[in-house]
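Following this line, the structures themselves.
In the two complexes that follow, chain A is the common piece, with chain B as its partner first and chain C second.
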Partner chain A sequence: MSDVQQTVEVLPKLSSTKKKKPVGFYLSATWIGTVVFLAVFGWLLPTRPWDSADYDALGVKPFSPNHPLGTTGDGYDMLSGLVNGAKISIFVALVGVIIGGSIGTFIGVTSAYYRGMYDRVVTMIFNVMLSIPNLVLSLALLSVLAYSDENNPTTTSRRVGVLMLSLTIVVVPILGRIGRASALQWAGREFVLASKSMGTSNASIIIRHILPNVAPAILAIGFLAVGSLIIVEGSLAVLGIGVPGGASWGSMLANGRGNIAYSPHEVYMPAMAIALTVISCNWFGDYVRRALDKRESKI
Partner chain B sequence: MNWFAEIYKRVIGIAVVVVIATFLLSCLMWLLPGDPAELLNPSAPEGAIDSIRKEIGLDRGVFGYYWHWLSNLLTGNFGKYYLGGGEREVSEVVFRTLPVSMQMILYAQIVSLSLAIPLGLVSAYKENSRFDRIVSTTLFTMVSFPGFALALILSLVFAVQLGWVDPIGYVAPSEDLFQHLKLMILPVVSLAVGLTSSYTRLLRTDVIATLKEDYVTMAASKGISNRRVLWKHVFRPSSTTILTSAALNMGGLIGGTIIIETIFVIPGIGYEIFYAIGSRQIIAMQTLIALVAFAYVFFNSTVDILTQIIDPRTRERRV
Partner chain C sequence: MSSLLKIDNMSVSFATPRGNLRAVNDVTIELLKGESLGVVGESGSGKTVLSRATMGLLPGTATRTGTITYNGQIISELPKDEVRELWGTGMAMIFQDPMTALNPVRRIGAQLTESLTVRLGMDKKAAKLKAIELLMRVRIPDPESMLRKFPYQLSGGMRQRIMIAIAVSCEPQLLFADEPTTALDVTVQAQVLDLITELRKESDMAMILVTHDLGVVAGHTDKIAVMYAGDVVEYAPTRQLFSNMKMPYTEALLKSIPRLETPTGSRLPVIEGRLPDPTKNEPGCPFANRCPYVTDKCRAEKPPLTNAGNNHYYRCWFPIGGEK
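What follows is the complex of A and B.
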């Protein structure tokens, strides 16, 4: 008798298709929406200028009337800093993922479709790029391309530009591999063969038959990539070679590290902003993936 | 028989990837504004810069320079740092810092695996229960929490505000084991949180799939206890994914320790890579990154072969 019970227990319940309330989805969508809104329209809001100090309020704690999120030890308002930082942090990550993702997807999908020597070279290049940890790669690119010393100082805009370039380069092999792996599954399907036999051009097969099928996977990983690029931007800033002067979240965090003992909110506010955004991106990406999976399983 | 062919192919693959990666890296050096030899030691007199240029082969063009560096590396000459008065050997730095980083990575792996294995098994066994949902949601949140933010918040709370441990520093285990472990707590926790989450999620997915196999039903119907079924019949075939991931992380973590080692001021290889890049010690930088790339590709390939040994089914699938 007890044996039978154990048998039943060790088998997992088959009711895994139970619907879940997507609370996380709404939370993450709201947070991403807010951050993107602030990044785009933040400069219209009646916040204090982020780059001028209020010398009457140095190191004010959060929740004070004039400075809702407090100020830094040098008198910079945290709220306007965070609003302004959203601009660069989000912009840099989005540009990296959109451009890098497009290039990567293009290369990955075409290499999976055409195969042969081209595919082998592409796979090799992706392997080479992935063999260097992405923080190390962007660190090396930044330190060379945005090199600065007393004789050749670099401007902030050049640094942001190089930062975007290096993040783009980091994303290419990641999404390229996903695109290639996903396209490989579809390139051998019957409808592709049928299309080919009807004389459809290769470009049109890729655009109309393969890309729409590859897109879900790319989209889901794309959201994760936005999150990890925000992390890389933050890490570079903490290492002291990212965007200077508190213009991004990572940069605020880096500036606040020195004052960690007496005004800890300087560290945990940007840290939480980064963390919440990354978590939201991952959740959102996961929901996108699950939603698209469901659609596929119904067919 | 074809094991040798397989390994031979892998070794060639590793070599090609590392060579191309380091070659591209050395090409990058030529994009530096100004004279790379001068950047190596800006305060050196004119004659010394000339000899540096000769010594590292900068006068032989892109390919000559790369070949000079590569042949030196292969014969065990890792190059030098030229900054800061004395010329330090890179090999010395590697021998000093690599064990420190490996200790930290090893601790992080042990901690995260010993948490992830029971968590993953239990939450897969109780799929969709409240326990499973809480664990899954928490871990999914934790895996996306940036490591450096976690490190900073941990050191803020436990070191600065509560004062339980020192915020920065490193003591060798041979000097003072207790102090060593105490200083390692925060960095290891910062590294292990993300690892634990990803291992648990991997193991959970895998175990859920394994539990549906016929032989598990068979084992259970023979009257073997649940615990034994889980450990002996389910865990072993499901362990390949988690082991693969653990080994893959070894390579990636060496690079990933940069930020943790910088925040906690630990003299490891990540910190040295950061220093070499920041101070444009191009030879040291190329050598250190080559080691990381090699470690990554090496673990990557070794894992592929090891999984075939652990789980014979993948071996058959390949043939």
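What follows is the complex of A and C.
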């Protein structure tokens, strides 16, 4: 009798724990939500202007009444800086992944579907592009396309534009190769042949049958790519060729690193923002992939 | 009745790293409107390649020779796009494994209405109504909720019914059924075959049924082509073949079907040995090494396709029932 009762009790428990999402999902989703919200609506918040200094409060430590996250040695408010920086950091990374990912997925999936000479050329170009380290590629593109010296300075918008272009180019082969590998596996499936045997056009097969199956892999790697583009943007800023003037997280970090000895929060605030965002992107991407893979894994 | 499909001297070979693999040798077959042909043979005998080659669904490494006439039109010389126009509306195929022939991430409704909207140009509403009608024709209960389901939610038999519904959705004149029951439960096999036969009768659809099971073709076909190592070795009307078979290979296939009356514990007869290597072109009858009635002549010379009268053809020097 007691055995029976136990089994009855255990069963619903098992099914409910299975559906429960791990804490990491909520944490990362909350953080990404906050950052995206700040990036989009941050300018509406009653924070201090990020680009004008408060000369009465130079190098204030965090948790002071007027400046909740402190100020830089030059008197710029850290909180407004971070809110404003979210805009550029997220925007640059997202645009790079969305545009580069779309181009890469399109090229990768079509090359896997049609094969032949086209596929060989595409694979070769991807391999060449992947053999150049991300940072070096962006560095080269930036210094050629957004070259500036004292006589002809480059505008910030041009820099941001070139930065996005170079990040896009970095993403194309990464997601292109994932898309190609995943599409190769699906293009050989019988349902593709079955749909073909009903007279469906190639374009239709790619859109209706292959892309929905490739999407989980692309989305998961896409989120990882957002994370790594934020890092690339930060690295470029630290090297002095990113967005100038503390307008992005990387740029704030670059400006603050000289003061690390007496006001370390100037470095660790933007560094933490970058780190948390990157970790959240990785976690979130992982959950997205697992959630989308369910239907396949049930077969 | 007039001829629907005529295959003349079709051969198919594949370029492989080990050399040219001959999958189908010089096959000649004719199918009338509304007629059904069973293609029987063991794995690797070329029966699936035969059906796919007829439709034009071969990978790029394959070469096909010979003439295929469909409805009086020589389709083997048509450009690819024009052959594709026939797919779905003229010829359609039911695939062997309903587990892999449906897209796992798309709903049944989307997959069923795809060819209706793409090929027949129906609008969404009309396609949905037609899809419900199709599901009713293949005996699926509660068709409306079925449209919203994913393939993983269905059993194998249900999925194969969906595949059949998709294949007949554009009302083809010729249906290729490539081992439609192999992946299914024995109890479901008969239901699915009966369903196909019924749908065929309703719309006077011709069928090529590919299977390795002589028992399956017996009740569902008008004539049978037995294939071995890419050759059609026996070709006859179904009744004729079962009452008066000529080929030792056909006999061996029939013997290897388990029967109710065999005593418990007795071993199932098998055909010893394996198919010859299709990349080598050896002289003699390809079945010689496995044939119980083999002679020196069989090893030296390949027998031609011989007419026994009554539309019965066979490829053997010493047919069963002939002079020894």
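Quick notes on this structure:
Heads up, the rule we're going with is that the second predicted complex is superposed on the first by the 278 of 299 C-alpha atoms of A that agree within 3 Å, B and C clash if a C-alpha of one lies under 4 Å from a C-alpha of the other, contacts with A are read in each partner's own complex, and residues count from 1 in each chain.
Please note the rule applied: a residue touches a chain if its C-beta (ideal position, glycine included) is under 8 Å from a C-beta of that chain, and two chains touch if they have at least 3 such contacts.
Source: prediction; values computed, not measured.
Under the clash rule set out above, the superposition-derived model of chain A with chain B and chain C shows the two partners fitting side by side. When the shared chain is aligned, no partner comes close enough to touch A:Asp119: not chain B, not chain C.
In the superposition on chain A, A:Ser197 makes contact with chain C only, while chain B stays out of contact range.
After superposition on the shared chain, chain A has more residues touched by B, the comparison being chain B against chain C. Applying the stated contact rule after C-alpha superposition, one finds that A:Asp74 touches neither chain B nor chain C. Judged by the touch definition given at the top, the superposed model places A:Pro212 against chain C, while chain B stays out of reach.
Following the chain A superposition, chain B and chain C show a smallest Cα-Cα distance of 11 angstrom. No residue of chain A lies at the contact with chain B in one complex and also at the contact with chain C in the other. Across the interface of their complex, chain C is touched by residues 115-116, 189-191, 193-201, 204, 208-209, 212-213, 295-296, 298-299 of chain A.
By the touch criterion given at the top, residues 16-18, 20-21, 24-25, 28-29, 31-34, 124-125, 127-128, 137, 140-141, 143-149, 152-153, 155-156, 160-161, 208, 211-212, 216-217, 220-221, 223, 225-226, 229-230, 252, 254-256, 258-259, 262-263, 273-274, 277-278, 280, 285, 289, 292-293, 296-297 of chain B touch chain A in their complex. Chain C meets chain A in the complex at residues 55, 57, 60, 84-89, 92-93, 95-97, 99-106, 110-111, 114-115, 118-119, 150-152, 163, 166-167, 169-170. Across the complex, chain B is touched by residues 3, 6-7, 9-13, 15-16, 18, 24, 124-125, 127-133, 135-136, 139-141, 143-145, 147, 151-152, 227, 230-231, 234-235, 238-241, 253, 257, 260-261, 264, 267-268, 271-272, 274-275, 278-279, 281-283, 286 of chain A.
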